[in-house]
């Protein structure tokens, strides 16, 4: 039941009132959040806290992609999955929690890993994407599909006591437009050798370290959506791209560094790059071989 | 069933394995976490995420103090309380969530606000305290009782798009010992005038902003406990005290600033200060009048 | 001549204090090197200057109370508590960063 | 004479790279102002120096691969991507901060 001429229902004013009175949100920001759709790739250590705060804030549609099931070793950091949910699909477990937190949100379950074959079909339905995965293979794939479909991408990662955060492809201008924000390949044109890649399963991770990075992703998403920055405005140019570095044992623990703009010869986002929807989905780009991985890729 | 000579049970190795392989934790850090008891004052925007990661990490005993009940306006940021829990006591709601996340933890409910009368009785049972409250009145009270009972204190706060974090009274040496860490009164000897105090209810708050500060509290607590720093070592002196400032809309968003050491004439932690357990619990220090508050104090 | 020398400094406000200063967190200022008596300009001088000249808001008591920076505001000189640097008597140096932080209490 | 001039710099490692350098994140170094040919010392020179002199770990290929900093390591000169500063050819200045960040992938 809408309240006459009021754009939100009474329950929504109550629920979101504390964030609506924050300067830069307001009623317009709240309506933008409600109208937005957001995809979280990975329901693990980053995806759990990110999803909680994004659902809490009232983003209208939230999709979650993950093919894994909940394990006991996840629980110290993947705080939406309770002990009783060990063995359950992570996406189902997360959505059960999130729906009980905020029933106003529409949740969409994608109970599979993101792949070159399903990436377009899944990602095209959303306005903005959060990379909460655990492997360079998925990081290149997600960045590529976001460039091709013009979606801003909020990417975070964590290992042991360190974390990293970047907002990519923002504004999400077409490939070849130097006013768009850099993509993952602009920053990291060549994938790391397989033997240098360490997962949280192998290297270990402190729960709050990955938690902080996930909550920071939620914050960047809410800022982007509330400010109306899901698409580029007329004549908009990317601001200075930056990466936030976190080291739990350093002093100071946080450090922001300036990144480059779009790379003129980027494989993904430049005019001469050669990345196309067809080459991506046909499997002609072998993301697994590309990163030199021989064992099956697991999005943790 | 313990596993022969193994200091932890098999389920615990599985559950905590990913954090036990982090350098600086290890089996010794995990055993310290299990042996520790921690008090969270306030089950709101800071207390919810802090409690989730502290319970996830396997701190043995967690107490939570709060006299409030869950309201709809809490849910965007107080992510442990689901919509069905509106009207329930916050402490009960939080513990229900936390016990389902980690049944190995012993939870203690304190369904009341911390007051000069109950502070000693509640706080003396714990090793370390998290100030997750919402008002200067409670911040001075918590700092005072932590000084009197020699407990390290991890204090955070948030409003609108800003947050602040300080580790106080660490190492928690007796009053008059200049090697102890500064207390809240060392940093803020005089309380702010009442009209300058804005709560999240009045000023607004972005969920992830207070979320980040709460997760950072959990991280500081886990670091302190795992490193065996709950009590001062022989001859230990406080390192440089610092405050972490966060502003969601600033670039860079985080900034660390250096604080002073213990204040030589601090009312609470110096020899000549005059604070005693008797003066605190007898109500002769009127924390409410002291901060110039006339309306009832609410820990949000 | 000397009285016309100026020092470039950065003054920042956070924790809500920026609302008293036109909503701007970061201010690049040029302050005179010497005060009217010919003494080096101090942070104490700067506080008065900010209150009298830079602040557009009427609520002066939210920044200065009884002649001092009001309780609940931390003053940082180059990211260190000003009590480590001599408090109000600290003489400003070129490119100093002076940060005023209002303590937050929300949670 | 000139060849004995040195430049003080700070080199930092994070994201796990510190494990290749005795577990230390922050290194204060004095590097010669000129290389053996008398040219100004560059970040490229520094990378070789770190690999040959400072690194105790045998796994050189975790830092330098095919003569370049290995893919997945970001080099920052005074907190800016070195591609903004001329990459390996950037001439070191006194008090420069050179940060090597290994990209993380965990989540």
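For clarity, chains are labelled A, B, C and D in written order, and residue numbers in each chain start from 1.
Rule of thumb we're sticking to: contacts are C-beta pairs under 8 Å (C-beta built on N, C-alpha and C of every residue); 3 or more make two chains touch, one makes a residue touch a chain.
Composition by chain, UniProt nomenclature: C, D = Ubiquitin-related modifier 1.
Remember, predicted model here, so these are calculated numbers, not experimental data.
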### Message
From the mean C-alpha coordinate of chain B to that of chain D (Ubiquitin-related modifier 1), what's the distance rounded to whole Å?
### Response
40
### Message
Based only on mean CA positions, could you tell me how far chain A sits from chain D (Ubiquitin-related modifier 1) in angstrom?
### Response
31
### Query
Taking each residue of chain B in turn, which ones touch at least two of the other chains?
160, 200, 203, 205, 255-256
### Summary
Residues of chain C (Ubiquitin-related modifier 1) that touch two or more other chains sit at none
### Task
If every chain is a node and every touching pair an edge, decide which shape results: line, ring, star, complete or other.
line
### Task
Can you identify all of the chain pairs that touch?
A-B, A-D, B-C
### Query
Considering the complex alone, what residue numbers of chain B touch chain A?
11, 14-25, 49, 52-53, 56-58, 71-73, 75-77, 79, 82-84, 97, 100-103, 160-161, 200-201, 203-209, 211-212, 215-216, 218-219, 222-223, 242, 244, 248-249, 251-256
### Query
What part of chain A is in contact with chain D (Ubiquitin-related modifier 1) in the complex they form?
42, 44-47, 132-136, 139, 156-160, 162-164, 187-193, 195-200, 203, 205, 210, 243, 245, 247, 250, 255-260, 300
### Message
Per the contact definition, I'd like the list of chain D (Ubiquitin-related modifier 1) residues that touch chain A in the complex.
### Response
14-16, 25, 61-62, 65, 70-72, 74, 76, 79-81, 83-84, 99, 101-107
